[in-house]
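Chains here go by letter, A, B, C and D, matching the order in which they are written, and residues are numbered from 1 within each.
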Amino acid sequence: MEMKILKEGTGEIFCKNTPTEMRNWTRVNKTRALVDKRMRIKDAVKKFIKDGDYLAIGGFGHIRIPMAIIYEIVRQRVKNLSVAGHTAVQDIDVLMAGGCVSSVDIAYVVGFELRGLSGVQRRLFESGQVKKTEYTNGAMSYRVRAGAQGIPFIPVKVMLGTDTMMHSPGKVVQCPFTGEKVLLLPALNPDVCIIHAHRADMYGNVQIDGHIVKDDLQARASKRVIVTCEELVSDEIIRSDPGKTVIPFYMVDAVIEQPWGSHPGNMPYKYYFDHEFTEDYLTAGRDKDLEAIDYWLEKWVYSLNDYDEYLTKLGAKRLYNLRDLEFLRAPVR
Amino acid sequence: MEMKILKEGTGEIFCKNTPTEMRNWTRVNKTRALVDKRMRIKDAVKKFIKDGDYLAIGGFGHIRIPMAIIYEIVRQRVKNLSVAGHTAVQDIDVLMAGGCVSSVDIAYVVGFELRGLSGVQRRLFESGQVKKTEYTNGAMSYRVRAGAQGIPFIPVKVMLGTDTMMHSPGKVVQCPFTGEKVLLLPALNPDVCIIHAHRADMYGNVQIDGHIVKDDLQARASKRVIVTCEELVSDEIIRSDPGKTVIPFYMVDAVIEQPWGSHPGNMPYKYYFDHEFTEDYLTAGRDKDLEAIDYWLEKWVYSLNDYDEYLTKLGAKRLYNLRDLEFLRAPVR
Amino acid sequence: MVQKDYTLRELMAVVAAKQLVDGKSVAVGTGLPLVAAMFAQKTHAPNLVIFFEAGGIAPQLPTLPISVGDSRTIHKALCTTTLIDIMDSMRRGFIDYAFLGGAQIDKYGNLNSTMIGDNYEYPKVRFPGSGGANDFGSLAWETLIIMDRHSPRRFVEKVDFITTPGYLYGIGAREEEGLSPGTGPSKVITDLCLFDFAPETKIMRLKAIHPGIKVEDVKRATGFEFIIPDNIETTTPPTEEDLIILHEVIDPEGRIFPK
Amino acid sequence: MVQKDYTLRELMAVVAAKQLVDGKSVAVGTGLPLVAAMFAQKTHAPNLVIFFEAGGIAPQLPTLPISVGDSRTIHKALCTTTLIDIMDSMRRGFIDYAFLGGAQIDKYGNLNSTMIGDNYEYPKVRFPGSGGANDFGSLAWETLIIMDRHSPRRFVEKVDFITTPGYLYGIGAREEEGLSPGTGPSKVITDLCLFDFAPETKIMRLKAIHPGIKVEDVKRATGFEFIIPDNIETTTPPTEEDLIILHEVIDPEGRIFPK
């Protein structure tokens, strides 16, 4: 008896980690002990993100995105990253503007939802400078779930019959139990996952308020997990509500307290989008003169030493206005 | 190209629902509107549980189990149930004592952990009166996850090489991406899932404190979901902490406020085991004279009209002592 | 002639809203789809349940979100969860409608939101790709497509890339490829007209035209042959009250309908 | 002769505890395994992390649980989650040790906790089945097996049913069947002795015997041929302090070690 492969896509698999290799790697490289994992963002990026790594980003492209880490990756000029474009918006755009990315698993990229398309990404994808394989948001989540579960592939019921499938590495087979056609997709086990959360303790127990999007799965599927949080709390606070711990400590490699760490993104229950900042950024990226985006990067990334300087440059008033906006109230300051 | 089936088990698949049938059934039979789903346990069991149904039970066998519903199923003398024995302890034992069960997907049954084996279950399984197929706790969760995801099968990395596998319906194949061997198991989509939770609103938004065990997946995979809860709250309370909603309303068919609904089981943060009650029950079940268990059933199930009468018979003092036990404090009453 | 006391976008929003039946559920994107869903809730479908792809279920929307994942989409929600959980619910059959759009559409309702050009490696224009669109188009019971700027460049014989499945290559094709039976696009709402799909061929069929539009206008704007039945309805323009709901209740900031 | 100032159960608990290295993680069942893990935490392995199958991670155990899912297993835990999440973490390689037991064991460490008899349909005795045992034995890095009542009825040439994989039919068998490389049982702790497995054959090998026990006693009690190396250690009996920890700190209610 057999399951015939009826059709298959030609998309390249950018992330080569297999579940078995992940296990073996985890055994040797991840501590299970409760140890203090606080460090500076600079050091976390230096230590855990290498040229050529496959990167997964938490949040939803411009919501709850780990921008402080993103800027630091650009600042350190990391090269040839592959990125999970599992709704990637401002996060991936800055990385691509900084020249850090060489290939992308695309579910949603290039777009800024209602704000239109990105000039930076259009340039890089349309010129073929950045390689790509097609998926869907659901498919990317399914792949990461398979990676988290430690199985090498997963059957899905999306992408079937489309060019999206033909530009993926998916394989169509018939279910040996029901006979129905399913698409098999390879598991995804990123090298690094970066996440911004509401709170964490120094051991790496991470809690997120509101929708989790895909961060639970990505942390479970990845080798390294770097977490910034709005608030670093004691483990007693974590232990008082352990059902809220979305990512347990043993998955996490570095924890950094970084308030406003998602700017200019929206951090639910904390601050809303800095719309003007993003529009200015998009304008620079769409400028035919490439110096415009380089100027932006110089101004907001390279010329600054760290995220503290970035926040200082933004100024307290601007930041607190975003808090007012989040809570739909008029600013008082 | 093909995936050859290298080995396969002979276990019977008791639950015949397929993901595609589930979808079609759901479209017609499940309301998506926010409607009042409160009803009496008696009516919920009558309306939603039929002879021959496949039943999934929430909690962990003797922890957070929906005993009020279990007793009502026995009282209504439902017949020929198949049950997911995904750590099934006191829950399945009472159903089997009541003659409601004809087949079981076994991961963990017969045992009461430290309390030893069940006489009732040994009798029924050893005599072949109740049919069985073998799985593991992990495997049953994976099957339910596949059912929740709406895919007909799932690859797993357990059961391989064992008699457990040979007495399951699993099929061993090689992964078409990595070449490694995996076991394919059929998805599980139960007809009915019964759950006891900490709180719910009348629409069926369900919140559980502490470990979820498998209730999230089982509710997602099942056709019908009946929920009892310690506390029925307004939807405003649910909306104030929506991240805690483990089961959203549209999956749920009936909601019943039933404090102490898990007795003699342990309800985390509410009450501990009624150890004496369970020991008495086990003693009756182990008695070679079958009248002993019939007497127990008559006394605690058939002679009572509903769970209110059961609680009255137990008495307030006994119940509040279990609360004290949960919080490791001396009783005052 | 189009009456000038309402805009085509307003008309499209109202026509889209009317496709939604009370007590059903819809997965929406930002922009017109969300406006249509909110409008339906405020008028004929108060029990319509709204799902957002990023994990928000049945929020009490305080204002129009900018993203399908932003704070507004989880405001006083009944459940906040994960993207995969929304997709799983859709596959389980819990989501009746999904709104979609794209850069191109063909007569079978196949949508392209990936690229323009004939070389995948070097597209003339690269668009976002599927996002959740292919998932929605594969899994929701009915796909409602909204396409503005109805023109032969967007309504084409063959899309450059099938991002999201319509009826693929005709009747039975979705089932043949393994997609869930009983699904597919049911309506296409444009700034000229409303299409449905002929049951016997799954080819787009003119169902209604907007006030002042002629069948010839639609033919000129469409790059493929669609079915023209004997009876063609005219869509109902928004009433005064409808416009008040659109402007004052749903979009007081004028983000979708500039003032 | 066994010294009578400690019981064999106490000795087994202490010997089991000593297999656990500080800073590693262990998935435990109730009874002796949990006692061993708690004892290790109170002595040489304060940074040992405890996982419970039903979803409790790193609780501060206030007292001995009765079930691997009861309230005690989530008391002030760092994370409370699902059974499948624990299994996924184990498959990802995060869990070093799992404790297992069974009704029968063979020379390759295969465990039977399903049934006694030769007819699956009508077993002489039906036991619980795998529960999480097969998952643990398939996925944890090292399986530590605790078997009391060491006798030829329990240590058999061929188990009636392989519930949980040991080394199956010898070296390479686990990998051949598709189990995760580098896993398998590492120790068997009985009331007579401590076994490990010979690296070249994966057959059980006598590593140490309890004080007062002779090799002959072990041979008589074992229904298969195990490997007897030249050097056999003697296990270290619990100290006075060990016994105080066992009785007063871990099991003050005398549930595992009746007073």
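Basically, a residue touches a chain if its C-beta (ideal position, glycine included) is under 8 Å from a C-beta of that chain, and two chains touch if they have at least 3 such contacts.
Quantities reported herein were computed from a predicted structural model and do not represent experimental measurements.
More C-beta pairs touch across one of A-D and A-C than the other; that pair is A-C.
Each chain gets a centre from the mean of its Cα atoms; the one farthest from the centre of chain A is D. Annotation: 40 Å between the Cα-based centres of chain B and chain C. Note on chain placement: the centre of chain A and the centre of chain C lie 28 Å apart, centres being C-alpha means. For this pair, chain C with chain D, the centres built from the Cα atoms lie 58 Å apart.
The set of chain D residues that touch two or more partner chains comprises 74, 80-81, 91, 180. Within chain A, the positions touching two or more other chains are listed as 19-20, 142, 149-151, 157, 180, 182, 210-212, 242-243.
Interchain contacts give a graph that is no line, ring or star and is not complete, per the touch definition above. Here, these are the chain pairs in contact: A-B, A-C, A-D, B-C, B-D.
Within the complex, the chain B residues that touch chain A are 1-5, 8, 13, 18-20, 142, 149-157, 169, 171, 173, 175-178, 180, 182, 184, 186, 208-212, 242-244.
Taken together, the chain C residues at the contact with chain A in this complex read 30-31, 53-56, 62-63, 66-71, 73-74, 80-84, 87, 91, 110, 114, 120-135, 138-139, 161-165, 168, 173-174, 176-180, 255. Here chain A touches chain D in the complex through residues 19-20, 22-27, 30-35, 148-151, 203, 205, 220, 235, 238-240, 242-243, 245, 248-251, going by the rule given at the top.
Contacts from chain B toward chain D in the complex involve residues 59-63, 85, 87, 89, 106-111, 113-115, 117, 121-122, 125-128, 134-139, 141-142, 145, 157-164, 167, 172, 180-183, 210-214, 216-217, 266, 268-269, 272-273, 275, 326, 328. Those residues of chain D whose C-beta lies close enough to touch chain A in the complex are 22-25, 47, 49, 57-58, 60, 74, 76-81, 85, 88-89, 91-94, 96, 141, 180-182.
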